[in-house]
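Letters A, B, C and D name the chains as they come in the text, with residue numbers starting at 1 for each one.
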């Protein structure tokens, strides 16, 4: 089971390259085996073109390595914190992808300007606050997880499986590693088009609620009718 | 005949990827056999790299599947509505391509700023109104077709085979599936250059009518002289 | 000799695709054999991926086809006019490349903001006026050549082998077809960076004359010292 | 030893193409063998796709060619000046990469807007002054080195291994040729995202010092914990 998860997490990490979401080693994907309480994650600072299944690192929810010879991603404590808080997710992707990071650096949430956004995210992409000096000095990566959790207190992560960490970049979520990276790709496209939309029309308004709700429900939930029933593939 | 159409529609859908007009499965192309009254369209939510001729779905003008094992694109009712209203078209392409979608999201029509635009479209690219709440709730996809038809009431779709649905994205038309996707590509380039043009010169004016008309007529209609006579290829 | 020129012109046309300077068939390159007074040019509207040496069309300076089965580019009269006016050039490239076309559509000349520009062009990239209604109606393509020639009356085309036709796009020149398309590529990069420069700093000034002159002379003229002496390759 | 350095410098020059940092021949990488006092650098104006190990030119710190049949890069005197001033560096990369050059042309330093920047550069990317007329006329390339050195008088080049020459473009540094070009790639991404950040939020502030310091120290210095210990690979 953990071997299958390693394969999936490796593939998702390689897809970061395929989708143009990373430069050098700036990104990481993880997946969790809930029954075992084990997380598989990319090793820290290893080049994507050298990455093999054996490089994947297995950690438990205390952050201890239980399998693998390499050090796990330095962002591992963030992933663990998120898995502990959100029992409904099975995969997490973190990137510094260009346009989502531009929003994070500009400290702006991403408004829903069109049906492309509404098809995938039910509402604005939220932005965290900045960490305090104390939070940075004492458990930086773990606290990055905590401010994300804080941001979702009044939001439903399943409806909006993406978040921007202020001054840093995006994290996205999914039922597994593959879905989390797909959300990462969608987020990037949505962010790019949102920048262009604002440039073209400074007074643009968010998409009318009844249209964005309709689009979201076409692809998600009990009344969804997009995609093939047999495959469950909603993209 | 329908088999030939399936091949053409498959190829056109694959060209969406080749031309960089889609992310994931966000787009669909269809073609119609007017003599049989049958439309061939991409199945809903199937990945482009897995798409085969057999996946193509055949529907009649009532929207019933008459051939194919998969569900047709969720946008099928929009296509059907358009085929019924515009007897002169044989193919329709819908994408969420970046720059055309930015215009749709910004709720701006695309003015004709240069001969690249004028070579292909005789005038501004029109923008529909938003659907009302009632139109969204009751027959959303069909009504998307209807507001496009409404927008073309005083326009000649053959002269401007492209339209932006407000807050959504572009639809383009052609005498067949291949021509509709070619118009989709042209629209995307024209949209991208229009954004840059406005950024560089806020007071830019539309191209002088006698120049845009000249360019359009070089490529279209009885006096056209672009391309090879034998091939009919005007690109 | 004309066969060699055909090969060169074919290669230059294919390089348009390699360098990302064209969409569909929107561009053409020609070369001239001065001793014979013959111009080789791309056929009109033929797809680049099907183009062969045999498709190249040979015309004389009266615009009559003397070799080749296809119709020459519809822009042929423009090329001929330019070859007749500028005896020092051996190749011409016309594209609708993105950023140069944006400047042409915005009716702005491209100022020299940096050494990349100064390395290749000694001064601003000039912009023509618009054609009059009469000039469009009676000999449009030939008159496009004439307004370019008019624009260079007080400029040295050898020092600035590029021009923007208002509302249309760029033409570039060279001692042969290959050099003209290289200038087309440089123009595109220079145009793209100029747009970004103005966006970043609205009050940016043109590069100091003594720096731009120095850079131009490093690569051109009797005191140039860039590149290898033996190859004559200055790029 | 010098043969090994030639291989490294060739590879670094080829990586310029792989990373999309050059057009034509607009860039050069060098490396130094400190024990021998010899610099290996790209030949001037030779196309990257023809470049071989044998084309690499070896010069001493007086700028004299001691090995190689080709002329060294015209920027060689700049490189030499920098190697003499900064004993801690082993490689230098110069490019005209798009976004870093836009900042250089706009005469703006690149502020640290996010952790991507902070992970690699400890502070703003500095900008030189313009050369005076005299400095241009008498030893232009050498003086380009001198104004870079001048700019770093109160800065630590090891903490910020990148600089923009006003109106020209970027130079980056590293412990060897490979690291200098990696910094070139990072600089380009950081520059691109900085432009987007400012466009999206005109009032954006630089990243809080305690966050940028934390990120820099995660990857550099005695307390760094990013990457694998055994490989020393910090990317």
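The rule we apply is simple: a contact is a pair of C-beta atoms (placed from the backbone, for glycine too) under 8 Å apart; a residue touches a chain by one contact, two chains touch by 3 or more.
None of the values given here were measured: they were computed from a predicted structure.
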{"item": "Shortest chain-hopping distance from subunit A out to subunit C", "value": "2"}
{"item": "Same or different residue numbers at the subunit B/subunit C copy interface, by half rule", "value": "different"}
{"item": "Distance between chain centroids, defined by C-alpha means - subunit A, subunit B (Å)", "value": "33"}
{"item": "Whole-Å separation of chain centres (CA-atom averages), subunit B against subunit D", "value": "46"}
{"item": "Per-residue overlap in subunit D, given as positions that touch at least 2 other chains", "value": "199"}
{"item": "Contacting chain pairs - touch in the sense defined above", "value": "A-B, A-D, B-C, C-D"}
{"item": "Subunit B residues touching subunit A - in the complex, by the definition given at the top", "value": "23-26, 43-47, 70-71, 74, 96, 98-99, 101-108, 130-131, 133, 136-137, 140, 167-169, 195, 198-199"}
{"item": "Complex interface listing, subunit C residues touching subunit D", "value": "113-116, 119, 182, 185-186, 189, 192-194, 196-197, 199-201, 204, 207-208, 210-211, 214, 218, 225-229, 231, 233-235"}
